[in-house]
């Protein structure tokens, strides 16, 4: 059963399995475990990025097409919904039209990009897409009367997805971290801590939106997992390894590559639309920026290229770091409280410095990504265990004789 | 119960310096307003600080966090107009006061809601005061601005005010926001003014430009004086004023430069700033100070109540003192108004502007104060 | 006879987590041509790479010209006077033939008489002198790879399967070239599958199997003994040669 | 001439690189059920000719015909689809995939299931069984799970042959299949090729420098020199011809003749 | 017009020559075409000013892009932190001009000015070079040969560098005094036909000179020395270069330092041009830099030079005709060129 849901591509590492289960629980029960708007936003962004990164991994990790124009599709999705709602009002019909239009545009652009990749290869292609994405960004910014320019657009979601809609009232949540905090710092207040940890969850339309997001992320992820483990996925791997030879084996690599680019673009567009609905605000900075592109790339590489599970791990680690690193630094610099150059280094306003360092370090220490690394460790342990067993067996046999 | 003011602005990334200045100003302002007690009407004042990283999505989340979790009564927003605009709906959702800092007209215009109060100037104010400063019959102006809402709005307001003064706008030039090479634009500006009839009182090029790469210097390099063209522009932050050294005699209008206003608050402010930071206070520091003065005045007016409706009542029509002079918040669109300063640029060497260096800079010298009555600032939120 | 120019004692080698060589014992006499034989996967190429310092050596020692070079860097080993023609030829496809050879001459400009000798051996090199080496045919690349190792005098040549892909006439010329090098006191360690070629040139021979040297002796001895050949090399086909 | 239609034919096939004519007006036709060996000095244009036939290069002029149909303008993939299979002179595989996966890709191409994205690849036992079959064929069964980059050179050569077999083409093109293979393995591959020949409808083209191999297997020998087809005929006759002796086997010619006479 | 047989006679000859020129010297053809089209689109005086200014802008861009194409061409390292080095150069230059050399800057005499400018440029190069050295050892070395990782690591490194600049010099914008002699413009005397009365900014002329000098020097090093061959070989196969007995690590380090120093030089010049600098300044230039180096053919110095000229010119021409299209036109130019020549104008690296 599990085998067939996960298309036979199991996590293959105990640590990874545990982490994935924990993430699944955290995302599924998130609004009831972590109080606060920031936590809520973080959960939503994780789901969005799981889709985006998984789709990107299909291109990058499984087919070795390095494109920096991915945010373009994300932006198209987001702006599609924003403009749809802007023009046709806050209804589901408007959302549908917006998404449909965005998907069509993305498909067309992806097709062009796929064709471009035939003529312009490898690193050239990567850099060209970077420039194209930049041009797209600049066009969107310049058409400010339609797109709002740098100021972006507000997305007035339908009432059912907004904060005013209250399908359920007063659901109780349990503040997991709050409770754990008490447990570790003041175990003597455990009972009080336990009681205090309960809180009231405002179950609104936004919560509904979150669950829609969560659901889509799950379904798309499983779909991609099946895809990469299908014969089609194997051909992609072949193209990644040696496109020339794949052609000589009779595979029309052009079609495969274009199909992958388009599929990936469409999924990303869809994720962009979900993002707009969840975030209720779109602007170039958030959807089209080069920085965002690099972040997606980092999530992909950090999680582990060519392992879809990496998309989940990468998105979680990254989004959490992005949202909470500054607070950690703040706490740290208060605790340490040194002045001068060193002091200014750990000032929260220089959190980007540490972020950059983590960025570099993660590429070094997880050259095959977190998932890849975990799998390597797991395999090493298996081998060691096998060796140990064999030794134990032989020594036992010796003792017998 | 304390009064909680959350300053949600960018403290890292490209515009971090402005956020920092605002924050310094805000603290100084409260210090002055409360005589150092940090209490208003017997209630403690609590100042929170959150870094948007110049990311609108994050800014929205932080504003929500400030209202929902920190239970802040007032959120003071950011100087980046886009980010500020993105935050506005949050105030409406949570029904709490927000005081954004961006200059976009839309903040107290199209995107306004009743919880929004702006203590800073808006871009039309800037533009109009500049038009008033030099405008008279026989003046011809070509404008150069960035091609987006801020630039276009500004020029439109400028044109209206200029025409009201009897001057004439000859040509409008718009460039991408990130342009760095102005040769082509200068060429066209010159073409538009060169040999034009009926400009006895002067030919000007007026620039409205946000960001570092100001076109004035590049235009000046191409020697506009050959065609009898002068430059004119608004005020700027101190580092930018350093480059104004290239434009001796240039005139314009600004909302603040620390030596222009003549009032008690400013005296205290400048003195304290030099004492604490060993350098001159800038644009946004004064802005933050004014912010604090407005908040204090409002809460005093409401008798210490921080209930949102009480605050709205108090803020509407509020008059308060700031380093920039006396200010007034219009009831209609919650936009604060102030007198502006008509200046003329004089090249001087200044060692007191920055703590670490001496610079040769274009220093604004007062030519006159443009009173509120002289400016017709449109109400845009209807 | 003088001491061997190269000695491997108990050399082990790892690639990644795999243990490939298990205690190689090998000597290359000075001024002679030693042939290293063995089946596919016996570890011949790995042995050569290990000598060049290209694989990790957890145990054992490599001595060259009386100096222990086990832990030297590859470039230092090369500068000490060892040239290496790898199995995959390793030519620089983006560079021209000329540039490939210029780089191989580490001591300044190339010696014209030596070049002429090479052109004589491998005429295509002259013909394609200023063309990108990546466009050469398989055999031409092989020629270039060998020429690169011979463009300057070196003390020891490590050559990995030079004859594969070469036309018979060229193989013939190559044999002559090796003879000449031997005459110039150059020592050669040759890995070769072409038994008739190695039998013609080799003086000493070592046979590898499964990461170990399982036999070493003179070529004459092995060439006579067809049971030994059958044993070590499985020369079912070769026996009739 | 017209008694049997040629399976494969090249007509005045020519390609130039810059000023250099690598293949020069080569016209040649091949019948089914034959094995033709192509010999010629290094750089004669053998591999280039292969590249033109299999579509890696586009000719400057001339045509390639497969079963009478002009395929000069088809892509490599389309030609493979039509039953033209090719193994490469310089090993050209999927280095990070296992040996089995390499062959499986070839089998999957042969059964045209590359576009299937809804099935789990690992559940296609039929494909895997065939792949294992071909792997055993070249005596690499024990190496099925080893990544190709870990295989020694000789084994990679064998895998190259396995991939070609797995494609089950009508036309087999081998480019020096035994180069670098150890002496005891060579006969295995040769047997394999000889067995192919027994299937009547197959056509085999072979580039090879080992003269004993050439002699024992070929039905016909074609000689290329400076891009031109200089001789074509029965093996014995060709090897004896002075052109070949001089241009290819070398003047001294003692080593080859030694082989030849043994 | 009615030629009897177009395939003979001077027409055919010219057409053949043109075709040959087009395939052998695409950069010259393109440059000529652009100059010509622009000439048709505007009046000659404007055209002249824009062309000179555009070329000067181009050479300034070349200064900034050359380092990146150098590291790519010679060692196949894609350094997206290049922008941070540009910023670094700008800051060092600014500090030198305002601080230690402030006195020389203010003086309007060219001689004294040069005393300020040259050390400032050298300091910018030196500091950028030293930081480049550290950067190579710490950040780049572990990811040789893997473009994807290089992109990631250098972006991370770029964030760190920019933050360090902010920690050191503060997050404020810093004004850069432009030395007196470089302010203003040369005015062409009125009696000169056609272009009389036109002005050309002095600074641009200096940038033009400097750019041409650096270009010449770089060409000399790459073409006339063994270094060029050596490092190109290293890109293809490090192991083989070591097998030939060269210490490739040192070699790459040297190239990277040179590339960083060039970025520093370009940054210092750019800072003086803009007169106000921020830590993010270099980042904003990266798109232009990237367009230039792809346009010219990744890794080609010559291509980079022509690419920079083309970008500088098109920016001004389009900026004159329709400023909104400037950014799109640049990228459009690049995509167009790549469709015509997938490896750029003067390819060196095959992909």
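Lettered A, B, C, D and E in written order, each chain numbered from 1.
One rule holds in what follows: a contact is a pair of C-beta atoms (placed from the backbone, for glycine too) under 8 Å apart; a residue touches a chain by one contact, two chains touch by 3 or more.
Treat the numbers as computed from the prediction; the structure is a model and nothing was measured.
> If you take the chains that touch subunit A and keep only those that also touch subunit D, what is left?
none
> When I count C-beta pairs in contact, which pair ends up with more: B-E or C-E?
B-E
> By mean C-alpha position, what chain is farthest away from subunit A?
The most distant chain relative to subunit A turns out to be C.
> For subunit C and subunit E, let me know how many angstrom lie between their CA-based centres, rounded off.
46
> Quick one: subunit A and subunit B, Cα centre-to-centre, how many Å?
39
> Give, as an integer number of Å, the spacing between the C-alpha centres of subunit C and subunit A.
Centres of subunit A and subunit C (C-alpha means) sit 51 Å apart.
> Could you state the distance in Å from the CA-based centre of subunit B to that of subunit D?
Centres of subunit B and subunit D (C-alpha means) sit 77 Å apart.
> Which residues belonging to subunit E are in contact with no fewer than two other chains?
Within subunit E, the residues that touch at least two other chains are 166, 171, 324, 327.
> Using the touch definition from the top, which residues of subunit B touch two or more other chains?
12, 16, 20, 147, 176
> If you go through all the chains, which pairs of them touch?
The set of touching chain pairs is A-B, A-D, A-E, B-E, C-D, C-E.
> Okay, in this complex, where on subunit C does subunit E touch?
Touch residues, subunit C against subunit E: 52, 54, 73-75, 78-79, 84, 86, 90-95, 99-100, 102-104, 106, 134, 148.
> Name, in rising order, each residue of subunit E that touches subunit C in their complex.
My answer: residues 226, 229-230, 232-233, 235-237, 239-248, 349-350.
> State the interface residues of subunit E toward subunit B in the complex, per the touch definition above.
46, 49-50, 53-54, 57, 98-99, 102, 106, 166, 170-175, 177, 183-185, 187, 197, 199, 201-203, 274-278, 280-281, 284, 315-317, 319-320, 323-324, 326-327
> Where on subunit B is subunit A touching in the complex?
Contacts found on subunit B: 11-13, 16, 20, 51, 53-58, 60-62, 64-65, 68-69, 81-82, 85-86, 89, 93, 104, 106, 111, 147-149, 176-177.
> Subunit A touches which residues of subunit D in the complex?
54, 56, 75-78, 80-81, 86, 88, 92-97, 101, 104-106, 108-110, 113-124, 127, 163, 167
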